[in-house]
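Note that the chains take the letters A, B, C, D, E and F in the order they are written out, and that residue 1 is the start of every chain.
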Amino acid sequence: MRSKGRQPDALRPLRFEMDWAPYAEGSCLVSFGDTRVLCAASVEENVPPWLRGQGRGWVTGEYSMLPRATHARTRREVQSGKPSGRTQEIQRLIGRSLRAAVDLKALGERRIVIDCDVLQADGGTRTASITGAWLALKAAVAYLMEEGLLETDPVVAQVAAVSVGVVGGQARLDLEYEEDRIAETDANFVLTSTGGVIEVQATAENHPMTPDQFDQIFTLARKGVSELCIAQLQALKS
Amino acid sequence: MRSKGRQPDALRPLRFEMDWAPYAEGSCLVSFGDTRVLCAASVEENVPPWLRGQGRGWVTGEYSMLPRATHARTRREVQSGKPSGRTQEIQRLIGRSLRAAVDLKALGERRIVIDCDVLQADGGTRTASITGAWLALKAAVAYLMEEGLLETDPVVAQVAAVSVGVVGGQARLDLEYEEDRIAETDANFVLTSTGGVIEVQATAENHPMTPDQFDQIFTLARKGVSELCIAQLQALKS
Amino acid sequence: MRSKGRQPDALRPLRFEMDWAPYAEGSCLVSFGDTRVLCAASVEENVPPWLRGQGRGWVTGEYSMLPRATHARTRREVQSGKPSGRTQEIQRLIGRSLRAAVDLKALGERRIVIDCDVLQADGGTRTASITGAWLALKAAVAYLMEEGLLETDPVVAQVAAVSVGVVGGQARLDLEYEEDRIAETDANFVLTSTGGVIEVQATAENHPMTPDQFDQIFTLARKGVSELCIAQLQALKS
Amino acid sequence: MRSKGRQPDALRPLRFEMDWAPYAEGSCLVSFGDTRVLCAASVEENVPPWLRGQGRGWVTGEYSMLPRATHARTRREVQSGKPSGRTQEIQRLIGRSLRAAVDLKALGERRIVIDCDVLQADGGTRTASITGAWLALKAAVAYLMEEGLLETDPVVAQVAAVSVGVVGGQARLDLEYEEDRIAETDANFVLTSTGGVIEVQATAENHPMTPDQFDQIFTLARKGVSELCIAQLQALKS
Amino acid sequence: MRSKGRQPDALRPLRFEMDWAPYAEGSCLVSFGDTRVLCAASVEENVPPWLRGQGRGWVTGEYSMLPRATHARTRREVQSGKPSGRTQEIQRLIGRSLRAAVDLKALGERRIVIDCDVLQADGGTRTASITGAWLALKAAVAYLMEEGLLETDPVVAQVAAVSVGVVGGQARLDLEYEEDRIAETDANFVLTSTGGVIEVQATAENHPMTPDQFDQIFTLARKGVSELCIAQLQALKS
Amino acid sequence: MRSKGRQPDALRPLRFEMDWAPYAEGSCLVSFGDTRVLCAASVEENVPPWLRGQGRGWVTGEYSMLPRATHARTRREVQSGKPSGRTQEIQRLIGRSLRAAVDLKALGERRIVIDCDVLQADGGTRTASITGAWLALKAAVAYLMEEGLLETDPVVAQVAAVSVGVVGGQARLDLEYEEDRIAETDANFVLTSTGGVIEVQATAENHPMTPDQFDQIFTLARKGVSELCIAQLQALKS
């Protein structure tokens, strides 16, 4: 049984609090159960050097955890002088996932950075980050359109992400930390609201999974992302 | 005139939200107006190597700002590989201020780290950090006493901090960012509820201040800390 | 059309040269067409601190490219003081892929490090690395068994990896650099000889892929890995 | 009793040896008792990027200790890859103290760096550094005026610094290392020859000090700086 | 006796495999016995900032060892964040040795970097590197001349290097690892084909050597370099 | 002609001021003309980990320049996070040169570190460092013998070093900065008082030197070291 009587195919309680970081051009405090991530979008009127003069924009993500987001305190990465391999992997994933949703030509020669800072961590921080980052991005684009800096919305797809896994032989949606820790397989799917596949990252920690198991978790992920996309749209409306 | 009709000797609206970081042994989200800092205390059952075997504990602080705590985005310090000089200075100040309030012998051979993460920055982040950190420390000590790990409270003084400055020739209490930016003098006082002086850091940015001006800001600081200490006690009671 | 008249579902010419690094306990110079990677396994009679005393072993991978493995010279990572995010991601992938193939209990309290140094890079360096690393691992285990340090073979699965992608709408197997650069989708599959799924990493760079496209590349990957596994066994025999 | 029969309100023997570093535009080897600091001023005809084109100059300080300036050898900071928090704090203090004495507009678009290298350390290295740095600065300005690069002296105030503390309940001036180590309170005052307050840094290490004690050390500091300023003027004349 | 019956004044078996790294403008895989170094020359149409606009070129070397080039695995230098002192010393030596052979004016405002990556290490890696690097440099220059980018050959001297040492009182040429480890004196000579002296680095590890011993090793070095130069010319012809 | 009418085979005015750093176990401020280096020896009752339990000691050197030791200010190495290649090369040279003069067995399981800090630099800083470091080492050993920690002197050779070069075709002894800058050949010899050769480092910057030139500079170096050794003995006596 899962904690709080949750069904294997159920998401945790969702919450999207828009504009939580008022200085940012767009922001969202996203909660997947006890996992809470503050996603803040910053618009900068420049692009990385290698992209200059091409009339195209750029979108990236940065990711970090507060030291006491976790059950036991985690050392700050600045102490070891560089982001860990895990952090860099997640940052690259967030950036790629959002760029796949944006027409960079339509964005114009500017950059949007989405900072995803985990305030509380109970599994699924990277999928919550992507899901909230898409909302922060949309809010920043709304700001650019209100300011007359953009005429058309460059966000061409709706993106959300969810974790799935096999725990004790059972496929489960949206793992919390205690499930993630013991899962045989851990996977993250970044999908669009129309079923498009942006990113699949599946890892069998101890023994390989069967093709059947892969199909099961893929199906769960599709269900989860559909529900996330509906909730995103509600958050945007309010 | 100050923003929102504030008097020169008035604090900004205060708010202390205890237990905001539920995984921490003690925590407080402190607001001095639009400055918001999450202070989280972590208890570790060890001490730094140079203190081992002496039967004494240790208390330190760490400080960081979310990239979009500020009006324009600030680069993460992990990108440059080390905490900035400013960050280290503040961390050392937080640690010293709290240690002056604690009987380290009575704490026993354990360490308490207080993480002060600035979620929103509008001036006075270091004084808000110290004021909130004292509350997080008290909450962590209460936890240790409930667990039977401590018998007596090692916190021997009540500590709060406030910034003061001279702006346009006028001494002002609890500067916000726009005032801090143009102040002739910028000072931080860490004081106890009974008038004890723990730390004074006064800096005349452009021209020296007169002894009279120093007396004025010292008086303002005492008034501010008195009010902060009353509010701290109310937060602890609730 | 692909270069040298290659079919969409064909691997590049394969070559496995065993024992190319004679000082290593096991080694293999693997070529996937013009991509050449030297995989060298080192046995160390210790494990990382967090694993000590548990009677289990550990397997990791390290990855690097010679500066002139690429068409234009690439700066050494030591110059920037740390492995890039890409390098760390690949190293973590190699380690996870191999550990999924090994009974760490049966390995005993020792560590095997597989160094994958790319001598020439023409796309697919990470999949060539994993495929060659498995052979270097097998050779190192054979050495341990000959020396009487191991009685049973702890390698419980045969592992190979291949890249697949969608280029101009067409699903293709084992991309070379010029294809990889323009692919709409880039994916790497790490599979076992018996169809088990160890790792899937699929990324749609510009627009999401359809579920159908995902099925197509998955099928291609299975075909590719089957052929790689047959070639691995031949290399082990000789 | 203090060492060598010194009175609580007495400075240690002072010595200012001008032009000790002949390649520098201005220099002074300052001795506060056994504390010896070489202060060397370098003029550079440029300013930091953020100050360019504003017609204003800049003054900064750098601080370091020779490894064997101390009783036991201290590791070089270059070994750990970065200046310590303490070093950065002192550097920032030296820079701020000197800038408060300089009309940066009158200095013109150039930079003066004052290197303070501690050859021997017996307490008070930062106050000796500031006091000697002011002399090195004056000498460098004299050089600029002789060369016809400056017409008027941009140094608008005379600055010196001294440490004070409470040791065994007694307020003392200009602490040496053995006193500093056991002091209840440690404070540094940077003042002008006319009584102006540039910087106050007071720290009660173990228990808070009383307002009375703060008044006493402030009075001692004023006396000490007066004497230092007289000695500075004598050094400039010779 | 030396291994494989080698005479004290004999080189190990030599092998120069030109164009081993086909993407490089010039390359050579050099073997001095079991020491194997891949030397790859990259031409870049720019020079370091301090050399710009002077119409002169630049030549540098970089050096690294694969982790398992050695009998026991060596940790990658990127792990410790910087090249070791030994690596930097060798890189500087390679660069200086090659620049002494090149008319930098005639090279024109471009840079040639020679990467020397040790694939297998059995002593003498730096002398093999220099000897092979000269061949890679010549091949890169030939490429520039064929492309019409250079009219005259800027390589004005033929350079090779060899190690010599005193082992058990006996002067020996071209030490392998086991000899190097126990040598009383270890020296590297970089000489030209016409007897010119480019670089001498002689180190008596335990006790000083006599002037006579120095003469003996110098004589051996001249003999060794003569033979290396003949072999280099043969490699260039084929 | 050389500056101040110096002959090609003459040293600059020498000065050895013993015990300049009173906290060190041994020290010497050495001057070779306008080059001034403070050499301070520190005794530590431990050895590096790889040498523990072998009953042998260790001697190392560290080297640094004050920023304004040079005509134009040099940036501190701590700013770039690591010692430069040049610094590391010199440190390794100082250490090797001293170890060749010491019976490490007789020294016992302790370490002596000689810090060589250049206060003023006018060429020949590394040779002045070695020559002064030997005196600091001797003084530290004298201290150990006085304290009864050593019974016999482990320093078995007298060591000094000098730079030589070819300038405008003329061989010259003990180059100053302006000569060094334009020299065709730059060499450093570390020799013993009895003619033993410890280290030779000769570099022909632009064109190779002839064997004859090498002989000439070697002869000059022997003459220079003889004179340095006589002066060292006088410094020890006083």
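In the analysis below, a contact is a pair of C-beta atoms (placed from the backbone, for glycine too) under 8 Å apart; a residue touches a chain by one contact, two chains touch by 3 or more.
Predicted model only: the values in this text are computed from it and were never measured.
Novice: Which chains make contact with chain D and with chain E at once?
Specialist: Intersection of chain D and chain E contact lists gives F.
Novice: Centroid of chain A to centroid of chain D, CA atoms only: how many Å?
Specialist: Their C-alpha centroids are separated by 51 Å.
Novice: Could you work out how far the Cα centre of chain C sits from that of chain E, in whole Å?
Specialist: So the centroids are 33 Å from each other.
Novice: Per the centroid of Cα atoms for each chain, what is the distance between chain C and chain D, given in Å?
Specialist: Between these chains, centre-to-centre, one finds 60 Å.
Novice: Could you list the positions in chain A whose residues touch two or more of the other chains?
Specialist: Within chain A, residues 81-83 contact more than one other chain.
Novice: Should the ring be read from chain A with chain B in second place, what is the ordered list of chains?
Specialist: Traversing the ring with chain A first and chain B second gives A, B, D, F, E, C.
Novice: Going by the contact rule set out above, which residues of chain F touch chain D in the complex?
Specialist: On the chain F side, the touching residues are 21-24, 27, 38, 40, 42, 44, 62, 64, 66-73, 76-78, 81-83, 113, 115, 117, 119-120.
Novice: Per the contact definition, I'd like the list of chain C residues that touch chain A in the complex.
Specialist: Touch residues, chain C against chain A: 81-83, 85-86, 88-89, 91-92, 96, 100, 157, 187, 191-192, 195-211, 213-214.
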